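See below for the structure under consideration.
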Amino acid sequence: MPESSSNSTSVLTALKQAWPAVLVLILLALVPTISQVIDNPFIIRLFTRVVIFAIVAVALNFVLGFGALVSMMHAGLFGIGAYVVAIFAFHEYDSSPLWLIPGTANLAVTIPLAIIVTAFAAALTGAVSLRTSGAYFIMITLAFNQMLYYFFVALQKYGGDDGLQILASLEFAGVNISRRVTFYYIALCVLAVTLVLFSRLINSRFGVILQATAQNERRVIALGISPLRYKLAAFVISGAVTGLAGALWATGQQFVSPSDLSWIRSADFVVMAVLGGMARVWGPVLGAVVIVLLEALLPNYTQFWQLPFGVIVILIVVYLQGGLADLFGRARQPGGGGH
Amino acid sequence: MGAPLLEVKTLQKRFAGIVATNDLSLDVKAGETHALIGPNGAGKTTLIAQLQGELTPDGGTILFNGRDITREPAHRRAHLGIARSFQITSVFPQFTVLANVALAVQAQQGHGFRFFRAACDDPSLTRPAREAIDQIGLSDRAHVYAEDLSHGERRQLELAMALAMKPALLLLDEPMAGMGRQDGQRMTRILEGLKKNYAILLVEHDMDAVFALADRLTVLVAGRAIATGLPDAIRSDPAVKAAYLGHGS
Amino acid sequence: MSVSLFIEQLLNGVQFGVMLFLISAGLTLVFGIMNLINLAHGSLYMMGAFLAAAFVKITGNYLAALALALALTALIGYVMEKLVLQRFYHRSHLDQVLVTFGLILVFNDIVRLIWGVVPVQFRLPEPFSGSVQLIADVQYPTFRLVILAVGLLVALGLYVIVVHTRIGMWIRAGASNRPMASALGVDVGLVFSAVFAAGSALAGLAGLMAGSISSVQVGMGEPVLILALVVTVIGGIGSIRGAFIAALLIGVVDTFGRVLLPPALGSMVIFMLMAIILAWRPKGLFPVNA
Amino acid sequence: MRRNKGLAAIAALAGGFGVLSQGAVAQQGPIKIGYVTTTSGPEGVIGRDMVDGFKLAMKHGGGKSAGREIQVIWGDDQVKPDVGRQVVDKMIESDRVHIVSGIIFSNILLASVKPVLDAGAFYVSANAGPSPLAGKQCHPHFFGVAFQNDNNFEGLGQHVREKGFKKVYFLAPNYPAGKDMAAGFKRYYKGDMAAEVFTSFGQLDYSAEIAQLRAAKPDAVVIFYPGGMGINFVKQYAQAGMMSQIPLFTGAGTVDQTTLPAIGDAAIGMFTGALWSEFLDNPANKKFVADFEADYGRIPSGFASASYDTGRAIQAALDAIGGKIEDKAAFQKAMENVKFDAVRGNFRFNKNHFPVQDYYLVQIEKDAKGRNVAGFRGTILKDLQDAYGGDCNMAAAK
């Protein structure tokens, strides 16, 4: 067993472990073609939702599955990203400055801004929340989520409860990306990059510390590592990617509202991650696909669709302890394997 | 043997009215193996936890290399060279042996904010980790997940992790706890090998191991050090006999 | 705000707090003792209200209906524990959250299948349906005084049981050290089932109390569940005393926040309170395992 | 083996798309109406009346127009704007519906209406009528059959003023329709307001608000609390002994057949404004109420009546153009001039495609069978139209 496997073999092993992820990405890439063949453009819209939620679920799972931090404020962070894009577009359309900053519909400006603002919010709230752990962490993040929710409800200028329609035409440095297929592929690329990013992070020194802290925080401290800043950094990274997803969401929907920040949405993200499988970086993608599709398909059969949905959730938790990803074989924590 | 590496002066710790550490003073010299014995509930683990920094004493001072570390947080002390192995096995169950030890190496190196390179492919981590694993005799189990190890192997892993931190002082809390006779003897041999290179504060119930390893002994009863001295002197100390055997441990 | 209005609002706050305590008591017991997060607690609350309404309609006798509803809610809780939740004591909190989330969906649709979507009527018995003059200017709904009294009685009862009786000792033993308790001859499985059933009955009691002042409808458990979780966490998980004090605190703060602050801030105030308290005391006001 | 299971799961997912593509190919097939409303959750009680009212309208129309089948596709928005938007997207793009209707809540409508109009389809509202769509954002393909939100409280404002109340305390949930209702009330009431209080949406307990309002000593209280909020408020108001002290009024949509069964006798004697009553004396209404009770075993609510009228209006407009929904200009014209027997009596579309209709006063009482019903007490306003039509430039909106 050679210790320092060369780069090419490690890519191979990575591929061997991640083939289901690659398969899912390829299938997702085929969606526009399928939609054309069966002449149903709505499928692209539905899967745009799948892909954007998958980005959040993957980002959430970085702190949830690998850091044991059950955040109930990712919908709030998602909403911040979305509102940044929408608010700047609003000021562009209104041609009124936001304080002194002029509005803009250029996503090359607003998307990075959305990421920065969200990361900043995650850093502030994370610094307070990470003082707690376990169920207390769940609840304090829920509290922050509710505060963000009511904050945007209170913003009457930006529609309050009504939400904010994006009327300016969004573009990315002069390029129109609002065509449905283009936008879908952009979102899919972001998902792919997100997966690669988090796979690398998980196996890095940083990721190993994060996972070790989740398993045995006391021991990590005894080894000479103060876990707090690693947890905070992980929370900020996760938040930043979630903000990016929010910005994409606003771009795709052309509409944001406080209900995008509801705590139920936060819970949905957690469900996607857990149901998909937290032990793998790509597990939550499966969760996002299944949840979004079930929610879209089940109501076509019965108005009591929550009953089968609930039963499916219960059965998966009872029988597939590692989530849907376990259908592809049982997983160990990826960072833990020196091969 | 040289100047004290670790010096504990009049240490005090109370839990809800119970005195766990009572005006305790002791020292560990560089290169010395100092054993701490005493009946259950004498406050041995509490003392180790205060030395490592997990608990903060109510009074007294702890000097390490002449520096006052009484109020230093645990992770800082680890960097100064104090490594602890836990009485109840405390490893990362979902990591392999190698990954467990590599993490200890990484902690010692201190570069935690590296985001992209895979840690398990990094020879600057795996090489020292390998060494510690070899030293402790777990080489052929390096790629086994810690949760799949036997109890004895996990105790060994625990020790390998402490070693990987390149410590000046090892705080070993019952390294042989729960081990069978054979495993215990193997561990004793491993510790004999380590003894030359490290200062060790050893808490242990296995008296054969204690007398085989210790240069000096301190007897702890109800949080108080009732005797300190060379093994032979302790063995024949009547106060020790009374207090210690009287508790029937 | 005049003195009498202040007193009335304070009474409102305390009454709301006592109500919250009734809901949270079962949650914090199950959470603290079995280490189980039961989101379906809100569903038991809903079941209590629906069953009581149904039994009042069938029997026409309030006391009989209340007793039947409580017993049946306890039974539902018992069955739920035996069938599903028992497997989850040793699973992660997250799995518990997920499975009980699934149970909420199932409960809601079952209630919808049985009772339909229209909110159900739950009429108060005549002597309690009016209001009484407390002091000059303060006329107070009689039934809210009943809630106040019941809540305080339950709080006292729980305190006595948990702290001063043999059952309470078993419960505390089972919570702190399961194997030890079994070794001492306590049937931990039985104790847990009993605690779960009792917690369910408490949720049901809260539900039928609330059902007589607000609407009995599908989904009534969810907003209440959030508040109960807030109370549990602020008080310190597993602490009856903490839950009681936190419930009163939330009740009073929420009541005054609503009337004194602008609406958006008023809705936020208890969450701000929770964030501040947890930032200050990360394990709640009365941590159980300090 | 594990892998096969995984592949099977993916295959199953892929199979799911088949459902979505149903009816993707349809050129001269049926006329399709997408009816999106809230059928799950606590607000499902309103959605149920909406759906049943529309079903009855379709049944009375024979399910056909000029021999061409009318197909209704049902959807649930779960009271979430983004879900409503998604369901509407599906109906437009996947089911290719010609007309969308049914949304209850204004914020969901505002989030969902754009894709309908952008696709060239029609939106015919059976309930929500937010002010922007009646004014600046009016659209040739948007019709509001039910009301403009403010209407619900305008007539009540008139009534409260005529009854000589001078100091009114107003409460509503803190969301857009709440503000619309307050605006509508004040527009016709014109007098002094003791206070306007906006509480959080979905609030359960109103004891604090009731204590505040008692201390303010108004001479009348007016509330807008749809669904469960209305049940809670009215029950608690009665329990606090307030019914006999300060009269309680509401406009349309708070105390009706969706909430009366749960409020019980607490509501007896209450006056409320209404755009329809089950006792309105016209043949269409008698048939509607009788058939609704026969089919569904309960008294319809105002929600059901507006939904029924919406269905009847669409039917009439379709019949007028021989079912040729593809001719959009013709359908728009047919809607604008639609003639049908509205169960609410007087009805026609204004220039902004919102109704001109009468406003009634009803009072909660017991009927012969001991059920709580809204007894008809007279007409408050005739030919009520909304205040935003002046902002609407339909020609420019095209």
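Just so it is clear, A, B, C and D label the chains in written order, and each chain counts residues from 1 on its own.
Here is the rule we go by: contacts are C-beta pairs under 8 Å (C-beta built on N, C-alpha and C of every residue); 3 or more make two chains touch, one makes a residue touch a chain.
Worth saying up front: this structure is predicted, and the values here are computed from it rather than measured.
J.: Can you name the chains that touch subunit A as well as subunit D?
T.: Output, common partners of subunit A and subunit D: C.
J.: Computing the C-alpha centre of each chain, which chain sits at the greatest distance from subunit C?
T.: Most remote chain from subunit C, centroid-wise, comes out as B.
J.: Taking every chain's C-alpha mean, which one sits closest to the mean of all protein C-alpha atoms?
T.: Chain nearest the overall C-alpha centroid, as shown: A.
J.: In whole angstrom, what separates the CA-based centres of subunit B and subunit D?
T.: Using C-alpha averages as centres, the distance is 73 Å.
J.: Approximately how many whole Å separate the CA-defined centres of subunit A and subunit B?
T.: 43
J.: Would you kindly tell me how far, in whole Å, the mean C-alpha position of subunit C lies from that of subunit A?
T.: 33
J.: For subunit C and subunit D, let me know how many angstrom lie between their CA-based centres, rounded off.
T.: 35
J.: If I count partner chains per residue in subunit C, which residues reach a count of at least 2?
T.: Residues 112, 264, 267 of subunit C touch two or more partner chains.
J.: Going by the contact rule already set, what residues in subunit B reach two or more other chains?
T.: Subunit B, residues with two or more chain partners: not present.
J.: When you check subunit D against every other chain, which residues touch at least two of them?
T.: Within subunit D, residues 39, 174 contact more than one other chain.
J.: Could you run through all the chain pairs that touch each other?
T.: Here the touching chain pairs work out to A-B, A-C, A-D, C-D.
J.: Looking at the complex, which residues from subunit D come into contact with subunit A?
T.: Against subunit A, the touching part of subunit D is residues 2-3, 5-6, 9-10, 13-14, 16-17, 19-21, 24-25, 39-40, 74-76, 80-83, 85-86, 89-90, 92-94, 106-107, 110-111, 114, 130, 174-176, 201.
J.: For the complex, give me every residue of subunit A touching subunit D.
T.: So the residues of subunit A in touch with subunit D come to 20, 23-24, 27, 34, 38-43, 45-46, 49, 153, 160-163, 165, 253-255, 257, 259-260, 262, 289-290, 293, 295-297, 299-300, 303, 305-306, 324, 327-329.
J.: Show me the residue ranges of subunit C that touch subunit D in the complex, using the header's touch definition.
T.: Touch list, subunit C to subunit D: 1-2, 5, 8-9, 12-13, 15-16, 112, 116-124, 129-131, 139-144, 210, 213-220, 223-224, 255-256, 258-259, 263-264, 266-267.
J.: List the residues on subunit A that touch subunit C in their complex, please.
T.: 64, 70, 128, 131-136, 138-140, 142-144, 146-147, 150-151, 153-154, 263, 267, 270-271, 274-275, 278, 304, 306-307, 309-314, 317-318, 321
J.: Would you pull the subunit A residues touching subunit B in the complex into a rising list?
T.: Listed in rising order, the residues are 1, 3-5, 10, 200-201, 203-209, 211-212, 215-216, 218-226, 230, 233, 332-333, 335-339.
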